[in-house]
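Next come two complexes built around chain A: one with chain B, the other with chain C.
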Partner chain A sequence: MNWVRERASLLAAVAVGGALIVVVPAVAEIFVLFELTLFLVLAILALSLAWVWGFGGILCFGQSVFFGLGGYTYAIAVINMGDSTVPLLLGILLPALLAGILGYFLFWQRISDVYLAVITLAVSLIFYYLTGASAGSEYRIGNALLGGYNGIPSVPPINVPGLPEHQVVYGDLYVLTAVMLAVVYGGLRGLLATDFGRVVVAVRENEERAQLLGYDVRATKLTVFVIGGAIAGLSGVLFAAWGSYVSPNVFAMTFTAQIIVWVLVGGLGTLSGAVVGCVLVQAAMTWLGEAKLADTNLVLGAAFVVLVLFARRGLVPGTRSLLADLRGRARSAP
Partner chain B sequence: MTNPPLLETIALTKRFGGVTAIDHVDFRVEAGELRCLIGPNGAGKSTFFRCLTGQLRPTAGRVRFGGEDITGATTHAIARRGVAIKTQIPALFNGLSVAENVRLATWKADGRAARTRKTDEILAVTGLSPLAARPAGSLPHGQRQWLELGLVMAGNPALMLLDEPTAGMTRQEVAQTAELVRSLAKEHTVIVVEHDLQFIRMVAATVTVFHRGQILVEGPADAVMADQRVKEVYLGQPPTADTC
Partner chain C sequence: MDHALVVGLHLLHAMASLALISVGLAVIFGMLRVINFAHGEFLMVGGYAFVLSAGAGLNLWIAMLVVAPAAVGALGFLVERFVIRHLHGDIIATILATWGLSLFLIGLAATVLGYHQQGVAPPFGTVQFSSYSIGIYTFFVILVAIVTVVSLFVWLRWSRSGLLARGAMQNPGLAATLGADTKRLRTAMFVLGSALSGLAGAVLAPLAGVLPEIGATYVVKAFITVISGGATALTGTTLAAALFGFTSQAAAFLSRPVVGEVALLVVAIVLLRLLPTGITGRYFRKAL
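This part shows the complex of A and B:
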C-alpha cells in the first residue's frame, strides 16, 4: 500500500514538473510566464522552509535572511563582475555559510524552538535595518551602490556561463526557474529517502531518542539548516535576476511571515504542500491586488484563520486524507 | 592485572541546586554481569542512569566505561561507544512506523540488506512483527516498552541500561520481560532499575540498593532483601501494590 502511494505521488510530481517545464512555456503568453516565474522562484523559497521546519523540525522565522542575502550577494557580485556564473554560486554559498555560522551557535548552545524562532527573526530585522541604512554614495561595494531603502536597481540578468551576451530572460528564465524548482524538489525527496533523510525525520520526532541511539543531533540539524540556507539563497538569486532589483524589503517582517503562511497553507511536513501553498497564496494576492476588491492582507488574514480552523494540517495533507476517506467509503459501500 | 570493570563510577555526584541527587557513588559492574538497582522513589536511580548516558553532566566524580573516561562526553558519543538505554518513559519516534523506529536503531549493521535483516530479527524477538507498519505513537503502553527494548537491542550495545522495563505491565508481561532480560544478559552486560521484586527474583541478579543518592547495600538478591536496613528503607514507608 505504502509503496503504491509513494509511486503515485512520484508520478504526480513528475507529471506536474514536466507540464511546468515543457507545456506551460509553449502555451502561456510572455506576461503570464513572467508572473509565473516569480511564483516558482518563491516556491523554491517555500521549499527551503518546508525542509528546515517541516522535516528538520527547526522553526526558522527568518528564512528570508538567506533569501535576501542570496539576492544582495548576486546583485553586488554581478554588477562588479558582469558574468553571472560566479555571482550565482556566491549567492548560494554565502547564505549557506551564514546558515552554518548561525546554526552552529543555535544548535551547539541548544537553543530551544521558541528562542530559535525569535533569534532568526531578529537576524532578519538586523539585515533589514542594516541594508536600509546603506543610503548614500559612501555605501558601495566596488561598482555596486547599496542604495538604502531604495535598494539596488538594474541588476544584470543571469547569462549562459561564460557568455555574458547570452542572457537568460523572460521565457528562458521561466524554464531555468522551473528546472531549478524541479531539481530542488527532487533533490530533497531523494535526500529524505536516504539514511541521512531518515535520521533528519527521526531528530524531528524525538531528539532525545535520536541522541540515545548515537546520532549527533546538532550536526544533523546544522546540515539541514545549511541545505535550507543554500536553497533559500538560490531563490534569492533568481528573485534578484527576475526583477533586476533587490531591496531591504526582502528582509522585512511581512515577507518572512509570508513564507511561513505558504508552508502552513500547503501543509507542514510535506514538500509539495509548500509549492502549492506558495503558488496559491501568491496568485490570490496578485489577483486581489489587481482587482482592488478588498485589502489584500485583510483577505489573506481571514483566509488563514479559516484554514487554521477547518484544515489545520494544511491543504495537501487535508486533501490526501479526504481522498482516502472517500475511497474508504466507496469500498465499504454495498 | 585483571581486566578493568566494564563500567565504573568514582565518587560520582550530581547536585541540582541545593539537592544532592547522587552523592559520591562508587559503583562497578563487570562485563557480562546482570545487575538490578532498586531503591525507593527519589533514591537517585534514574539520575544515576542519566549521568551514565551523558544526558546529565555530573557535578563531580568520574564515569569510566571499558577502562576509558567518558565523564562529560556527549550522549551520542557515549551511545556510539556501546551504551544503550531504555528510558523510564519510553522515548520513541512516535510519528514513524514501528519498523522505521527499529531500523533507525540498527546503525551498527553494515549496508541496507543487513539493516533490514536486523530490523526483521528484532521485530520477531519482540513480537512486534504484526504491528511493523503501525505508527509507534499508536501502540499501547506495554508494547511501547517492548519496542523501546527492541531499539536498545538493535544496536547490539556492550552495556544495556533498562529503567523500569516492566512498569505498567501485567503479571504475564512481567514474566515475559524477565525472560527476555535473562536471555539478553547472556550476551550483554545489563543494569536494570526495577521496583518489582517478583521480577528481581525471576532474573536472580546481584542487587544494588540506592537510598538518598548513595549505595546502601549490595549483594545477591536474597541476602539484600533479607537485610534489615533495606527493609527499613522500603517498609518504613507504607507499602504499595508493586513495591515491597
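This part shows the complex of A and C:
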C-alpha cells in the first residue's frame, strides 16, 4: 500500500512538473507566464524552508537572508561582470557559505528552537538595516550602486553561458525557473530517499536518540542548513533576474513571515505542500491586490485566523468545538 | 558636565522605551509562553486609542493612562477567549494565528484610518540645560517605565493574587489541584499583558507617532529583549532592556542611528551565544 502511494505521488509530481514545463508555456499568454514565473521562483524559496524546517526540524525565521543575499550577490556580480554564469553560481555559493557560518554558530552551541528562530530573524534584520543604510554614491561595489532602500535597479537578466547577447527572459525564464523548481524538488526527494535523508528525519524526530545511535547531529543539521541556504540563494538569483531589481524589502520581517506561512498553509513536513501553499497564498494576495475589494492584509489576516481555528483538526470538529464554546458549554477535550 | 547629563538622559530614555515595548510581551510570552506575533499591533492599537480619543477632546492623561490600556486589554480579552484558548498551546498554530491577527489589525487600521501617520504633540514642552533643550516628556517616559516595572514586580512578589499567578504559570497542574482557576488566571494575565502593551503604545505615541504598520518596528525588539532575558521574565526583560537600550543608544551616539539598531541585534546574538538560556538562565535565577 505504502509502496503504491509513494509511486503514485511520484507519478503525480512528474505529471505536474511536465505540464508546468511543457504545456503551460505553450498555451499561456506572456503576461500570465511572467506572473507565474514569480510564483515558481518563490516556490523554490518555499521548498528551501520546507526542507530546513519540515525535514531538518530547524525553525529558521531568516530564510529570507539567504534569498536576499543570493539576489544581491547576483545583482552586484552581474552588473560588474556582464556574463551571468559566474554571478549565478556566486549567488548560490555565498548564501550557502553564510548558512555554513551561521549554522556552525547555532548548532555547535545547541541553541533551542525559539532562540534559533530569534537569532535568524535578527540576522535578517541586520541585513535589512545595513542594505537600507547604503544610500549614496559612496556605497558601491565595482559598478554597482547599492542604493539604500531604493535597491539596485536594472539588473541584467540571465544569459546563455558564454553568450551575453542570448538573454533568458519572459517565456525562456519561465522554462528555466520551472526546470529549476523540478530539479530542486526532485533533488530533495532523492536526497530524502538516501541514508543521509533518513538520518535527517531521524534527527528531526528525536535528536537525543539519533545521537545515541552514533550519528553526528550537529553535522547533519549543518548540512541540511547549508543545502537550504543554497536553494534559497538560487531562488534569490532568479528573483533578481526576474524583476531586474532587488531591494532591502527581501530582508524585511513581513517577507520572512510570508515564507513561513506558505509552508504552514501547505502543510509542514511535505515538499509538495510548500509549493502548493506558496502558489495559493501568492495568487490570493495578487488577486486581492488587483481586485481592490478590500485591504489585502485585512482579508488575508482574517483568513489565516479562521484557517487555524477551524481547519487545524478538520473543518467539522473545529466548527463544533467553537459553537459549543460560544454556548458556554466548553469542556476540555481529552 | 551638561553634555554628559544629556547623553545619560538619552541612554535612560532608550532603556525605558525598550522596557515599555517589552513588558507586555514579558507577561504574554515570558510567563504564559504564548508567541504573540501581533504584539506590535497591540502597541499600535494602544497608540491609536490614545491619539483618537485625545483628538476627540478627551483629557490627555485619561486617554493615555486609562483609555488606551482599557481598549487593548479588551482586545486582549477577545483574542484570548476566541483565538488563543482554542489553540491549546500549539506553537505552530499560535504563530500562524497571531501572524494572521497582526495582518488583520494592520489591514483594519489602514481601512478605517488610512495609511498615514497621526500623532499628538508631546505635552510639557522643553527644559533648558545650558545649550541643550530636552523635552520634559522624556522624563515622563522614564518615569512610566520605572513605575510599570516596579509595580508589576511588587504585585507578583508580595500580593496573594501575584503569588497565585506565578504558581499557575510555573505549574498549572499543581495550581489547579490546589483549587486555582488556571483558565481564568491565564485570561487575566493575557489581558494584563495586553493592557501593558496598550499603555506602552500610548506613552510612546507622542514621540514616535502612529501608523498602521508601526508594529513591525516594535515586535522584533520586544521578542529579542524578552528571550534574551531568559526564564525569569520580568527581571530578565528589565535587565535585557537596560543592556540593549544602552548599547544601541551608545552606538547611535558614536556613529549613526542605523548602527545603533544593528548593534542591538549583534549584542543580542552574541549574548545568546554566550548565555543560550538568556541572562536569567545563569544569573539572578531566584528573581521574578
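Keep this in mind: the second predicted complex is superposed on the first by the 312 of 334 C-alpha atoms of A that agree within 3 Å, B and C clash if a C-alpha of one lies under 4 Å from a C-alpha of the other, contacts with A are read in each partner's own complex, and residues count from 1 in each chain.
The working rule: contacts are C-beta pairs under 8 Å (C-beta built on N, C-alpha and C of every residue); 3 or more make two chains touch, one makes a residue touch a chain.
All of these numbers come straight from a predicted model, not from anything done at the bench.
**Q** Could you tell me if A:I260 is touching chain B, chain C, both of them or neither one (first, second, both, neither)?
**A** Touch status of A:I260: second partner only.
**Q** With both complexes superposed on chain A, which partner does A:Y170 reach: first (chain B), second (chain C), both or neither?
**A** The answer is neither, since A:Y170 touches no partner chain.
**Q** For A:D295, select first, second, both or neither according to whether it touches chain B, chain C, the two together, or no partner.
**A** second
**Q** When the two structures are laid over each other on chain A, which of chain B and chain C touches more residues of chain A?
**A** C
**Q** Figure out whether A:E205 sits in contact with chain B (first) or chain C (second), or with both, or with neither.
**A** Touch partner of A:E205: chain B, not chain C.
**Q** Between chain B and chain C, whom does A:D325 touch in the aligned arrangement: first, second, both, or neither?
**A** Second partner only.
**Q** Which partner does A:G214 reach: the first (chain B), the second (chain C), both, or neither?
**A** First partner only, chain B.
**Q** Based on the superposed arrangement, let me know which partner A:Y139 touches: chain B (first), chain C (second), both, or neither?
**A** Once the two structures are laid over each other on A, A:Y139 reaches no partner at all.
**Q** In the superposed arrangement, does A:V123 touch chain B (first), chain C (second), both or neither?
**A** Second partner only, chain C.
**Q** Please name which positions on chain C make contact with chain A in the complex.
**A** My answer: residues 35, 37, 83, 86-87, 90, 92-93, 95-97, 99-108, 110-111, 216, 219-220, 223-224, 227, 256, 258, 261-262, 265-266, 268-269, 272-273, 276.
**Q** What residues on chain A touch chain B, complex-wise?
**A** 2, 198-199, 201-202, 204-206, 208-217
**Q** Given the complex with chain C, which residues does chain A contribute to the contact?
**A** Residues in contact with chain C: 105, 109-112, 114-115, 118-119, 121-123, 125-126, 129-130, 132-133, 252-254, 257, 260-261, 264, 268, 294-305, 307-309, 312, 321-322, 325.
**Q** Going by the contact rule set out above, which residues of chain B touch chain A in the complex?
**A** Against chain A, chain B makes touches at 53, 55, 74-76, 79-80, 84-85, 87, 91-96, 100, 103-105, 107, 133, 151, 155.
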